[in-house]
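Take a look at the structures below.
There are two complexes below, and they share subunit A, which is joined by subunit B in the first and by subunit C in the second.
The block that comes next holds the complex of A and B.
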């Protein structure tokens, strides 16, 4: 097991290298010179050259890459070209917002989607199953930003209700939960839909197996069979999918943070794209990609513990 | 008469035969609709979308024309879905938007499927060090949240609809590659591949005539579902202002920008475009699910 974990971590190194290479190539090739963007198109070429030198953009790309990579390894991403604060401080300020949203969305997935998936399987081809299947199919198709728009628009019209203003801190309850739960639910809708569908099909597969019939035959109640025997095996692939979904979830947060005006990592990244703020954009996206990889590593390792048949 | 000639004649002969073929296809279609009603519903939604895109010119109202006197009008017989803050007819914009979505979706999926299939076929077949390196690169691409990657690429390429299509296509490559490569690895050990090689077939011939046809159903299923995904990504990109540039109507952009200020006084502006996205994506998802059940039992339950 330890050997497996080590091997997985070693395997992550080339992928991380690829991530850094792709990211750097994409961002530094962005047309629209930051120097020109900041000084205006009428600035003299002399001034532009000066600023480029100041921002160290005038050197060969491979030197820029190596310097950036070395900085990234020390978690030093330089200063934002936009608000001149250190990139790390900007991220530190935005991180709690995104983290809370992600944790809430994940909680919604686990607490709501998994029981619904089990219910759907247990009631196969009866009306709760049909209703749940309808909703999970729809949930996959509804764009989160539209749902968010409706949730902001219609309560305001009907009940004159709006989410609390500003960004309440985590200790500022219940405003904090009201403010965060709705966006989290909007993002979690489509990922939950996938979890419900997978949980259902996994349970159906497990329920057809012989050891389940044995469990019924020895006189156990339906609930005991479902929870104690079937769930354990049915849950394993679902855990993997929840890990894989994290990328989708993090991407969805970019848009949701925009709609609800929450100053999280996604919004910071989107602003950085429009403002051609290379260092900020690179650091944000790198953080998103690395957390995706780490989460998946953790999930894979958990898989080994959950399923003793998996031998590494 | 040689055998080849008789085949040729048969192909030429045929009013009756062709009618027979048509009936056979219709029967297949009817059986599909009976067994997979949800898949058929998906097909119907897709056909509606295609019809809207094809017949958009028949809508009398111009999707771009602004009428100062007709601003923010609720739905009425004259404007079925109402008008927006610039007095443009929303029904017309939704219909024309289906053109944008389909156009972007189809081309993006073509790029993503072609790229992913080519890479998956080659690396799965060749294996070894090339496979190792390319797959790590694909893993790297997959580590980025798809939407964020699409945003960066779209921003990099600039505001041009064909480049938005390519951006979405690139995002779709790693997923397709993974499925195709897996399928190739499954097909490769079959005796018929070895038999072809013994008969002296070249690698290119084996790939094109023996492996590719066996992987094709998986690719088609994947492409159908990817179309829904591509439409969703396009609308998200347009929503944050990095997708289809104005003035071309786009469902995602209809929900964003200056119009948002008026949603509370004119909520119909917020309803129709989102409904259109949902139904379009739903159509492709339903059809994709049904095709998966019919064609490829191995993939059942997978994403």
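The block that comes next holds the complex of A and C.
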């Protein structure tokens, strides 16, 4: 196992190199550049030329790439071309916000989706199954940003209440959970819908296996059969999906962050795209690539735990 | 699919028929929709109870009878001192993603909202105030106690004594002196990409400081507009120590104003606290101001309803629902600070022909733009907008729809069978009141003269490249552009052909003559005359087709006192030191 993990870590290096190369090229071929974006309506060819020179963007691309790569290897991503702050500091400020939101959303999802999926399968074609299927269909159909807008608007209209502003760190102010709980629940509703449906279909498949019939035949209770025998096998694809969802949540919470005024990685990346802030965008995407690689590794390692037949 | 026989729980023993489930689900959806409609202010009966919606064509300046909307009155003279203390909570700037300041030096920034923020923290030499009536601005002293002009090429400012910088490093509360003014003005005169607004102040030749409290500006030539431009909200003083340590990116704004910026949490909040050494004795009343960074419009409205913020701008369409949920809110109506319009490229066919330029303008029914974009709450902008009051051309002279004449002009230009052109919105956002929506209305109106407008939405940076750098466009549309107190800021940049930034390729020598003449005018009346000539010429041969400027509506909690809008920025700013909260 240790050898497998080490091999996978080593394999990450060429993958990340490839990602960095493609990313750098793609970002630079986007039409419009940071100098134009910064100067806006005041842009003139002369000022744009001058600003590009000040930002050192008039150098050959390979030179810029090598400089950026050398910095990235030392975890120094330079300064934002938009606001001159350190890219690393910008990420360090935004990462805890997104991480707390994503972890909380995932926790809610796991707490809701896995029991609901099991229950739906166990009560197939009975009213709890219908209700849960309706819930999961609604979860898939209702966009989280729309739900978020309703969740913000209605309490304000009915009870003159809105989630508190500001984003204190969880260590500074543990009750900041209230700020994160509502957006996390909005995200979790749609992500858990997928997991409920997957969990249900996997459990139904597992519950038809011979060894489950044998377990009942030898007198085990329904709960013991479900939890000790069926669940572990049913979880394998679910873990893969949840792992992938974690990756997506780290970069895909743009709209939720926007609606709830949470300055997370999604907003940072969106601003970087709009502003053509190359160093910030490159660092954000690289961080996302690393997250996916790490999450995939963790998921693969978990397979071995869930299914003893899987050996590395 | 066959079901697996499993032990049933007693709780889940009863089966639910699919039909019953569908019926219950349907009932729930209907109930939900009804709740939503009620909450969002739907329902005919309720809609008739609130402020009447102005009929199309009604004078939008007059609030409907019985409405809860108050038209803005001239600022009352504050006779009694306000209650000290309390934290005022506001939203920072406008709705949108790119709203946080890039630089923390207003004079080096193109971000108009930084001027808004600077109103709390910094001071300029002079400032604009609305002394007589709204829509009429005057320049009054700020850090300069007085000024005089011994001849046409000199301005002498006498500074206030005893003004201190905020007690934060690196200035640490030292006295503000004439050398600081010289440093600020000299530094920005470098221009270039770091100080892109320097061209506005190019008439300043040299700066002398005969003593600690006197600044003499020697001008290269006469410039009647200079004092007005020194009152620009971004033209605030900066200390050499700050610039030396941080260049244009200090971690917080540092100034001499009523509030000290104690913390800026990116993406979250600016925290300002009372400056105990403020140079106006007894002020500010407020103990501090929190500016929350909230880009989403629904969240901003929720914050207003929940009293998380004490005041905010509210779209006209939202006023009735807000009134129902929060009848205690006071709503004030005043002329807004943004404008929208189109521009045509004189070097791009078919707009090389003046008759085509005139025809596409004559196809416009401005009332449609008022109604669709601003619910009728807007006024036509003939070129100078309403805060630039003396310069504004009478609305009777603004362009009006004349489809017959437009068709004749097109036929004379050889386009009797119609024509097709492409327009780029400056932003691809298709939302309400966007540049895209403006083009959609225009497209619909142009069909009546057989002109087919193709809308080409590009990413913002790409659109800016095409329009402002490459000038590769036939027409473009801009929306909600910030308007400024003085007309120079727009006309000398975007219309004057020798400025180097004009993008429409407007080349009528008369326009340059008028704009040069207004700069050299000896009196305001003379300047007004030249600007009105320039507006008439632009209507006769459009480079820019100016549409409208909307009214704004600010809803505030009833305990907020002494709020005054900023002409160019539409919300509280330079009088923040006089605001107070009547809460306790």
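To be clear about the criterion, the second predicted complex is superposed on the first by the 283 of 312 C-alpha atoms of A that agree within 3 Å, B and C clash if a C-alpha of one lies under 4 Å from a C-alpha of the other, contacts with A are read in each partner's own complex, and residues count from 1 in each chain.
We adopt the following convention: contacts are C-beta pairs under 8 Å (C-beta built on N, C-alpha and C of every residue); 3 or more make two chains touch, one makes a residue touch a chain.
Since this is a predicted model, take the numbers as computed values, not measurements.
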item	value
Combined model on subunit A where subunit B meets subunit C, clash or fit	clash
Contacts of A:117 with subunit B and subunit C, given as first, second, both or neither	neither
First (subunit B), second (subunit C), both or neither touched by A:154	both
Which of subunit B and subunit C A:258 touches, first, second, both or neither	both
Partner touching more residues of subunit A, whether subunit B or subunit C	C
Partner chain(s) touched by A:208 [first = subunit B, second = subunit C, both, neither]	second
First, second, both or neither for A:270, with subunit B first and subunit C second	both
Which superposed partner A:142 touches (first subunit B, second subunit C, both, neither)	first
Which superposed partner A:15 touches (first subunit B, second subunit C, both, neither)	first
Touched partner set for A:243, first subunit B, second subunit C, both or neither	neither
Touched partner set for A:78, first subunit B, second subunit C, both or neither	neither
Subunit B and subunit C footprints on subunit A, overlapping residues	30-31, 149-150, 152-154, 156-157, 258, 270, 274
Residue ranges of subunit C touching subunit A (in the complex, touch as defined)	1, 3-4, 6-9, 12, 14-16, 18, 21, 25, 36, 39, 89, 97-98, 100-103, 110, 192-194, 196-197, 249, 265-269, 292-296, 298-299, 301-303, 305-308, 321, 325-326, 426, 458-465, 468-469, 478, 481, 493-494, 500-501
Interfacial residue positions of subunit A with respect to subunit C in the complex	30-48, 50-51, 54, 82-85, 90, 93-94, 97, 122-128, 130-131, 134, 149-150, 152-158, 160-162, 164-167, 204, 207-208, 222, 258-264, 267-268, 270-271, 274-276
Touch list for subunit B against partner subunit A, complex	38, 136-137, 139-148, 151-153, 155-156, 158, 228, 232, 235-236, 239-242, 252, 255-256, 260, 263-264, 267, 270-271, 273-274, 277-279, 281-282, 285-286, 289, 300-301, 303
Touching residues on subunit A, where the partner in the complex is subunit B	14-19, 21-23, 26-27, 29-31, 137-138, 140-143, 145-147, 149-150, 152-154, 156-157, 194, 198, 201-202, 205, 241, 244, 247-248, 250-252, 254-255, 258, 266, 269-270, 273-274, 281, 285, 288-290, 292-293
